[in-house]
Each structure stands twice: as structure tokens, then as C-alpha cells.
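So the structure is just underneath, and the comments pick up after that.
First chain written, first letter: the chains are A, B, C and D, and each begins at residue 1.
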Amino acid sequence: MSPILVIEQVLNGLQSGVMLFLMAAGLTLIFGVMGLINLAHGALYMIGAFAAAAVAGATGSFLLGLVAALTASAAAGALIEASVLRRLYGRDHLDQVLATFALILILSEGTRWLFGSFPLYLDIPDWLSGPVRLPGGIRYPLYRLAIIGIGLLVALGLFALISRTRIGIRIRAGEADREMIGALGVNISVLYTLVFALGAALAGLAGALIGAIQSVQVGMGEPVMILAFVVIVIGGIGSIRGALVGALLVGLTDTLGRIFLPMLFGLFMEPTAATTTGSALASMSIYILMAAVLLVKPTGLYGSAG
Amino acid sequence: MKAKSLFLATAVASALALAAAPGARAEGIKVGMITTLSGGGASLGVDVRDGFMLAVKMSGRDDIEVVIEDDQRKPDIAVQLADKMIQSDRVDLLTGIIWSNLALAVVPAAVAQGKFYLSPNAGPSQLAGAGCDPLHFNVAWQNDDLPAAAGTYLAAEGFDNTLLLAPNYPAGHDMVNGFKRTFTGGINGEIFTKLGQKDYAAEIARIRASGADSVFFFLPGGMGISFLKQYADSGVDIPIFGPAFSFDQGILQAVGDAALGVRNTSQWNKDIDNPANKAFVEAFQAEYGRLPSLYASQGYDTANLMISAMEKADVSDTDAFRAALEEADFDSVRGKFSFAPNHFPIQDIYVREVIKEGDVFTNKIVGVAATDFVNAYVDQCKM
Amino acid sequence: MGGRRETMVNALLLAGLLAVPLWALWADEPFTITLATRVAILALAGVGLNLALGTGGLVSFGHAVFFGIGGYAMGILAFHAQNYTPLIEALSIPGTKSMPVIWAVAVLASALVALVIGALSLRTSGVYFIMITLAFGQMFYYFTISWPAYGGEDGMSIYLRNSFPGVNTLVPFNFFAISYALLLAVLLLVGRLMRAPFGLALSAARQNEARLRAVGIDPYRLRLSAFTLSGAITGLAGALYADLNRFVSPSMFSWQTSGEIMVFVILGGVGRLFGPVAGAALFILLEHFLGGISEYWHIFLGALLLGVVLFARGGLIGMLAGEEVAHD
Amino acid sequence: MTEPMTEPVSAPVLEVRGLSKAFGALVASRNISLDLRPGEIHALIGPNGAGKSTLIAQIAGELMPDRGEVWLGGQEVTGWSTAARARAGLARTFQISSLAMEMTVLQNAVLGALGARGKVMRFFAPVLGDRALVERAMAALEAVGLQDLAALRVAELSHGQRRQLEVAVALTLAPKAFLMDEPMAGLGTSGSRRLTGFLDGLRERAPILLIEHDMDAVFALADRVSVLVGGEIIATGSAAEIRGDARVQEAYLGEEAGGEAVP
């Protein structure tokens, strides 16, 4: 196994981690500020991808598609926050899980009703397509590099937003004490809608970016949503830093596990059994990682309390 | 929208018949169609349904009643729907299932209760070999057929270092084994991925580093779309091949340029030159406003096989109807079509290439991979 | 105690669940009997979850694990019996087609797994508990998909329903009667349990953990026992469900299955003994009738669920009985 | 469990030795020692932020000290869980009523009796059919005067009644020592006076470590008073001694008069 292959796989792990971070950041913000578990976060990812595919298909512009993805998912997020989820803030997690489970059913089948059962087309724009040559002779797709870049930029932006700006101070205050924020004279319900729309927009952005290299179809959000939950649980719910660390951990574990576990088993098993066993274990690896983290730190790596 | 009206008419008809008198029908046939109409795999079920209903409509017969239900791609739901159709709707014949695991859940019980089952898609090896049954007919293929034909084709093309890629589940292993059965060249390696995986960056990196001269992959549905897009973007130029499932009319539009030029094996394509196929392609486009897919062709052939048997025998005469089905006396859109002793097709399998016609991505036949192909399990079937 | 009206609603539910298949028997509508059997079995799964979730406050998003283990206990035992291959080669232990044996194995196996999962998961609480149970569910799901010995994703078909001494289980009504009797027995058992010291303490652990500790009771053991029992009941339901379909597959382990069992509990009314019975009945009715109206019936199901969560917090039983939950 | 009779008669029932606890730079408990002798009420007072809650949490077992020991009935219980300490005879009441709100008054009391008996893993016999348990619970309810409200849900009780129920649940435990965290909080004047009278008699059953803000109650009840300021006990003595202690007046009463809280 060459070092180039290892480096390439690490890049792949980073890219998948960065994408997961976009999903997880929204989830963890929403949980941190509003105390809400949003299972329908994956549906917002799907909405982003569909909006991007529809608009990019109609206009031919990938950038317009991205704008549409951000707008549509933020709008959908704000709409479901204001109409449904707002009523669930004080409720226990069970109600939230159930209500957002119901929202998945509605949003997924609604999308299928609008767009039909066939997958949509969304492709990488020409100016980002094809591989580039990196130092050391690695050929790596430019688009995936762009995704890593965008994800890191968003992470930086989020950290700046939370630590430097007025709205960030309000968000942190919301995490710390709902009553205090009321006393500060901040309009809580507007703030909550904004935070939710921000989280939704991040999910929509992820959906659109990923939609260009995967398939845009109904149900695409659910596996990602489960992964995003794994990420924030590993990182500690409510912590943006935890989401970043958790996302990279999950991305790397998944990617490297997929490739290297079968090889590892190949050292002492016959090839077909090794690939089968190794792949089986790889598909369970992130859940094993999550269970292990929680057993050592029951509130995640950077979490404070459940 | 046209599809909906046709579907609705049949549904209403069947509802009325149900209300009138269950089971009190003298002739004709009552068909139970269990297929996937919601969720991720719905496009395949929709195509099978549309193809089937188109043939029913074109036959002009009014003694065919079709009850259609959505299995949501869940085996337990499929089993319950089969129970319902057999016990409550009292159908004579079942059809429609897309997925092998659902077929394995439904077919054994259905045929044990004396119902015919005509498979428009799934053809798991269990039902072709030891689990074959006089009342079970497959009108599509045995799961291994297309990959085995691809194996023959790649060997003939002189490839000698092929990498295999499939999801880690039984159908994935079947496909890989089917390919290996006929492929005489060297195997570079096997990669099994998580079922439903959508990111193949890691696998593509491995392909790039493998030194293989060709890649054979089986990734149905969304998995295939994702793989093809990512592979095209990666700049890896090792040629890839696969069975038709990742190059179907329904998903090619979603793959776009990434699939152009890729060769795949299929027992059908819209440019097969025979009158039945021409009529089918035209009527399908007129009725539904889109090009027919492989799955639509299979649904269409399934219905025509059934209609051909109805013309010779009444479905209540099980032996006669079975004999009529075995004759396969209908004009298949594939051209030649007959049944092997295990009731799986004997047919030609073609090599297709993805092309662009105007704005539409589609396939064109570029060669024949195997002539009169017979599935590998025929000797294991004792009936 | 539970309030007189709730008792009446419960009695009506049980009577209705028995009357429908009796009518179907008379009217020769065997599929209706199958539907009623499904209600009884899914209700049983819900009763299991409700013990952990409703009484114990343990929001498990991984009960599909136990449902699936019960199913696979049936599948594996019957698979070896129908193929005449020994279950454990070295000890030449054969498979079996006997329901009571299968039930015992299903209950024991799922209890054991619940004990292990519970012991690990109960170190966490709140959202973390929800998510770690979900993670265990996913592990089992992917494991069964890629584990070739028992069919992988294809699952296993069992050609004949398993046997019960003195009863022809192939007759739909007989199998319904067996499922119904088991549901009754478990309801009785859980009803007793909720009034017993264990139930009182478990319920207190949900309402006020600090109070429980202050009177010298450690909630961990209580919760672990409740989780184990809960898993065992859901496992039993899994074995029955597999027998109803004569088929098992990894989809029994999927997170959607966990979600659906949860939906039964919520639709019917959390923490109410008969909640899952009402919830499962409503769910099956909806699936049956809405599914016939539109292929997009999930939209309506979702809207209804949302309505129940937002506006009818006591679920169906709460609406009919019109009282708060009585925990006794 | 050790037999209480093997201990010398004057030995303290509850004893804290050199307890220290810090949260980062903030020292919440600094080398605290205090004891509770049979038959006495020992009051612990101190201004807000003095570290009373932290001290109670360490005595009850919710928080582990950095250094020091907790002894109960002649046994060291420092590493024990809250539940284990309760079983060993430490009954606490909470500052904010901490009851199972959906259960009845009787059920809450029975829960206490059940905890005292220790056999919780009983799955079949109805708990309210167990006469010994119910009698024990009823006796405790009678002692606080709640016997007529036994069938009511806790959610329907008034604030004062909930405080009484807190005490009743503690009584069902037949403890070696009571740890009472502001039992007077939120009670009106007449309510406080009634509870004061009740606690006065209670010390016969078991000594009480009383954390209380209500100075009238403290000085009426306490045999000894300890003053906690800035995480340290600055004085221990009779009510009269404490009243006269200059340091206490400076540190504690000064704050009461409106000064800064002691860091």
C-alpha cells in the first residue's frame, strides 16, 4: 500500500467529515440553543439538493442552484420552526423525536409528490470538474478539494459568528440561560427562527454540494441525518467544536475503515471472507466508535450535560 | 399524469369488483401486483407497473383486473400484501416484485397456496435452483445472467486484470460470483461496500492505485448514480462495465455525461429491431411521455406472457394455464424468448453503450454478449 | 386504579380486538384476521417498549434490536428444523418448530442482549441515551445485512408456520388466538408489575430521580431490569411477528422499525397500559385504509402523528378516557 | 452495618472531617469539620454563596470531596452513593420540594417505606396491598398531619403541604440522622411556626442537621449553630455564643445588612 493512497484516503475522510460538519453544526446549534432534537434535519438536506437540482437544471448555473438551495432550505426551516417546532421547545425529547419523525414523512413524500419518483440530475460545474495534481503526485478531484475548503470556511465563519458577533453572544446566552436572554430584551422567538433557518441553510448547502456527486433522490437525507446525530453525540451535543471534531473523527473512521479493515483481515483470512468480514465490520465501525466514546464520556467529547 | 388516470381507472374497477362479490367471477383473471411505489426505489416499481398496465390496455381485454399495492420496499409489508391479495382479494396470479429479498419472502408462500407468480424483475438463485416451482415464472432474468454475460464479454475483449465492486449483501455477492463464473481473465481484487453507500471516494482511490485494466461493478439505483458521477470526476481512466441496472433509462438522466460511453449488458434495449418492440416503445412514450426503461419492458412482457396464456387456457385450470405459460407464445419485445426447464428465460444478452440522443441519455446496442443464454441453476431445479 | 373510564376504554379495546376476527371468521374474510393478528403482535411489541419508555422514562430508539432478535430466534431455529441441519454442530442440538420453545429462546436471547445494551446505555441519559440505543440498532442492522449464514439482506423464509401443541396454527384464527392470549397474559403481567413495588419505584425514577436516591433506592438497577424486561417482551413479539409472516429479514432491525414501535406507543398514549394496543390498532387501520386511497399516504400519516404529538398528548386513550395518566 | 450499640453513647451520629472541595480556582469547601450528636439539632447558617449547597451535596453523596471524610453511625461513608447513604440511615429533605409529582401522597410515603425496607425488586404483589408498608407510610403521614390527604396527587398539594410531605417521606426511613435543606423555605409565618414546633419534637427520633435561612427558627431550635462563610466554618457554638461572636457579626450579619458577599 503506497503512502499516496493513504494520503488520498485521509483527504477523502476529511472531505466526508467536513460535509458531515455542515449537517452536524446545524443540528447541534438547534439543540444547544433551543433544546430541540430535530430528526427532520435530513429532510432539509434533501430540500437543499432538490432545490439546487431544479434551479441548476432550469438555469444551467450551479451557483444559482447553490443560492436556491440555501434559500429554499432556510425558508423551509423557518417555516417548520414557526409553524410546528416552536410548540415543542418546552416538551420532552420523546415528543420532539415523534413530531420530527412525522415531519420526515410529510417532507419526503411531499417532495416525491412534487418531483416524482425518479432521481434528479445535478452535476459538478465545468470549472470545478476533473482532478488536479497535488504535491507528491496525488491526483485528487478539484470538487472535493473545494468542498473541504467551503466546509472549513463555514466552520471558521461559525466560530467567528459565535464568538465575535452580537447574534453569537445572544446564541451563547440562549445556550446558557433562556430567561437571561429574555431579560436582555432580545426577541427570543425571532432569534430562534433565525438560528433554525441558519441550521437549515447549512444542511441545504451540504445537500446541494453533495447532490452534485451523489444521487438527488427522496430519502437521501435519512442516512446522513443518522450520521450527523452520531457526530454530535460523539462531539457532545450543543458544542460546535465538538461537532467539528466528531465530524472529522466519523469521516476518517468511516473512510479509512472501509478501505483498511478488509486489507487488515486479508492478512490472516482468505480474500473473499476477508473482504466480506472487513466490510461488515467497517459498516458498523462508526456506531462502535460512538458507543465507545459514550461509555468513556457519557456526554460526548465536549459535552456538558445531557 | 396520464399514468395516473390509467392507474386510477383500474383501481376503481377493481374496487367495484371487490365490492360486488369477491371470488364470484366466472372467467378472466384477477392479478395482484405488489411493487414498490413509494420511497427510494419507487421509480422501478412505477416502471414495471406502467409497462404491465400498458400491455393490458393495448390488449383491449376487459377481463383482466389488476389490484395494485405498494410494498414500500419492506419484506414484511410485501408478505402481508400477498396474504391480503390471496385471502381477501382472491387473486389468481401475483406479480410485480422488484427486489430479490422481497421475492424470497413472498414467492414460496404464494406458490404453496396454488397461486401463479410471474416475476417481472427479481430472479434470486434460490428460486431458480433448489427452490424452483411449477407455478413460478421469471420473465426478466436470473440475477446472475447479466453479470455472467458481462464476464463472457470482458474475457472476449481480452481484459485480464479486472477489479470487482459490489455492495456487501446477497445480490452483490451473486453478481460478483456470476461474473467470475464466466470470466476467464485474471481478477485484480474484490471490493464490497456498505449497502446504500453514496460516497465512493475511498473505493475510487483504491481503483486508481490498483493497476487493474478494467472494473466490473454492480451498484443499483442511487448507489450507481453516485459512483458514476464520482468516477467520471476522478479522472481515473480504467474502463468500467456493469450489468444494465446502473444504466437504466430512469437513472441515466440523473447521471448525465458521466455515463457516456460506458458499456453494459442487458437483455433489452429500445433499439432492438422487431415490431413488438417498436410498438411498445412508441405506445409507452405516447402514454407516459417518457422513454421506456428496462423495467418497463419487463413489466410489459410479463403482462403479454400472461395474456398469451389466457388465450389458451383458463387460469382456474392450473395445469393447462401453466403449460400455456411454458410455451411463452407471445411477441417479446426482446425478440427471441423461451423458458428453460426452471421457468427462467432463455434469451440473448446484448452489450449496450450509453449515448446521448438530443438532450436525452440512453443506450444503443453495440454487440451481443451471449446468445440463447441459459441461467446457471437450471440443473439444480427438480420439478 | 387508572380511572373508571379508562378501564372501560381498555375493556372495549380488548373486546373489539377479539370481535373483529370473530366476525371475519363468520364472514370468511381471512385477511381481516391477519390484520387483527398483526395488531395484537405489534401491540405486544409496544407494550414492551412502553414499560421502558412510558413507565421508566427510557426513550429507547433501538427497540428494533429486540424485535429483530426475537424474529431471528424464530428464523434460525425453524430454518435448522426445516432443513434438518443441527443448530450447533458440535453438540448436535437440533432446530425446532415448536412455538413454546421458540418463544422461550426469543425471550431469553432478547433479554440477554437488552441486559448488555442496557448496562452500557444506561450510563448515559437524555438525548445521549436515545442516540446510543439507535447506534446499537444500526450495528445489528448492518451486521445482519452482511452476515451471510442466515440469508443476509434476503432474510429467511420459513415455509410452514411453527407448531403449537394441540392447535393447528395454519388456521389464521388459531394463530390470532395464540397471539391474543399472549398479549393478554403480558398485559396482565405488566399491569401487576406497575402496581408492585418495582413499578412504583420505576415510575418514581422517571418522575424524580433525586427523590428515589434519597430514599435509598438506586435507579440504575431498576432501569436495567425494566429495560431487560422490556426487551424480552418486544423480543417475544418479534418471534410472533416472524411467524405471522413466515419470514425474517434485517428490516426488522432497521431504525424505522424502532420508530414505528415508538409511534404505536405515542399514538395510543405514553405510559398507559393499553396505549400500545390502541396505537397499533389505529396504525394498522390507517395503513390499510390510507394506503388504499393514495400512494402518498405517508403524508397523511405524518400529519396525523404531528397532530397527536401537538394537540393530544395523552394519545388515543387519553382522548377517549379524558384523564391524566394514573401511575399506580 | 455496624450495631449502633457498639459505639460510645456520646459519639456523633454524623461527622464531617476536614472536607475540602474546589471547582477550578474557586474553593467551595475549605477543611470543614462538624458533627451531629444524638438528640440535637445542629443548625448550619451562612450567607448566600458561602458553600452550603456544596457541603450538603458532599454529605448526601451527590458530590465527592477532594479531601476529607464523612462518617455516619460510626462508619466511613465518604465514597458511598447517595442511595447507599440513605440506606445507612441518612434522611434528607430538599430545598425545593422533590417528590414524584404524578403519584399520590400515600404512594410517595410508601416509596420511602419501600426504600427503608430495601426490597424493591418485587414484581407481583401490589405495593399498596402490603400492610406493613402502608402502615409505616400512614404513620409518617399522621406524624406530619397529612393522613387525610393520602389519596391526593402531589401535584394537587399546596406548597406547605409538599414541605410536610418531604418531612414525612424522610420519617418513613426511620433514619439515624436528618439532613434538612431549608425546610422553612417558602412557608408563611404560621407555617414556619408549626414546622418549628414539629422539628422540636423530631430530634427525639434522630438528630437533625438543619440548613436554614429563617433565623427565628434557627435560634428557637438549634442546640448548636455553625457558621459557614467563604467555604469555611468560622464559628460553632450555642445560639447565644454565635449571636455574640464578633467574627460572625462582621462576616455574616454584615452581609445581611447589605454588604458584599464574602468571596
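Rule of thumb we're sticking to: contacts are C-beta pairs under 8 Å (C-beta built on N, C-alpha and C of every residue); 3 or more make two chains touch, one makes a residue touch a chain.
All figures in this text were calculated on a predicted structure; none of them were measured in a lab.
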Chain labels contacting chain A and also chain C: B
Chain located farthest away, centre of chain C as origin (C-alpha): D
Gap in Å, rounded to a whole number, between the CA centres of chain B and chain A: 35
Distance from chain D to chain C - Cα centre to Cα centre, in angstrom: 44
Rounded Å distance, chain A centre to chain D centre (Cα mean): 49
Euclidean distance of C-alpha centroids - chain B vs chain D, Å: 74
Overlap residues in chain B, where contacts from two or more other chains coincide: 37-38, 168, 173, 192, 194-195
Sequence positions of chain A contacting 2 or more other chains: 108-109, 112, 276, 279-280, 283
Residues of chain C touching at least two other chains: 142, 145-146, 148, 296, 298
Full enumeration of touching chain pairs: A-B, A-C, B-C, C-D
Residue ranges of chain A touching chain B (in the complex, touch as defined): 2, 4-5, 8-9, 12-13, 15-16, 108-109, 112, 117-121, 123-124, 129-131, 139, 141, 143-144, 210, 212-220, 223, 255-256, 258-259, 262, 271-272, 275-276, 279-280, 282-283
Parts of chain D lying in touch with chain C, wherever the complex brings them together: 60, 81-87, 91-92, 94, 98-103, 107-108, 110-112, 114-116, 118-128, 130, 133, 169, 172-173
Contacting residues of chain C [partner chain A, same complex]: 53, 59, 61, 120, 123-132, 134-136, 138-139, 142-143, 145-148, 255, 259, 262-263, 266, 270, 296-299, 301-306, 309-310, 313
Chain B-facing residues of chain C, complex: 29-32, 34, 38, 142, 145-146, 148, 151-155, 157, 159, 172, 241, 245-247, 249, 251-252, 291, 295-296, 298
Contacting residues of chain C [partner chain D, same complex]: 192-193, 195-201, 203-204, 207-208, 210-218, 221-222, 225, 324-325, 327-328
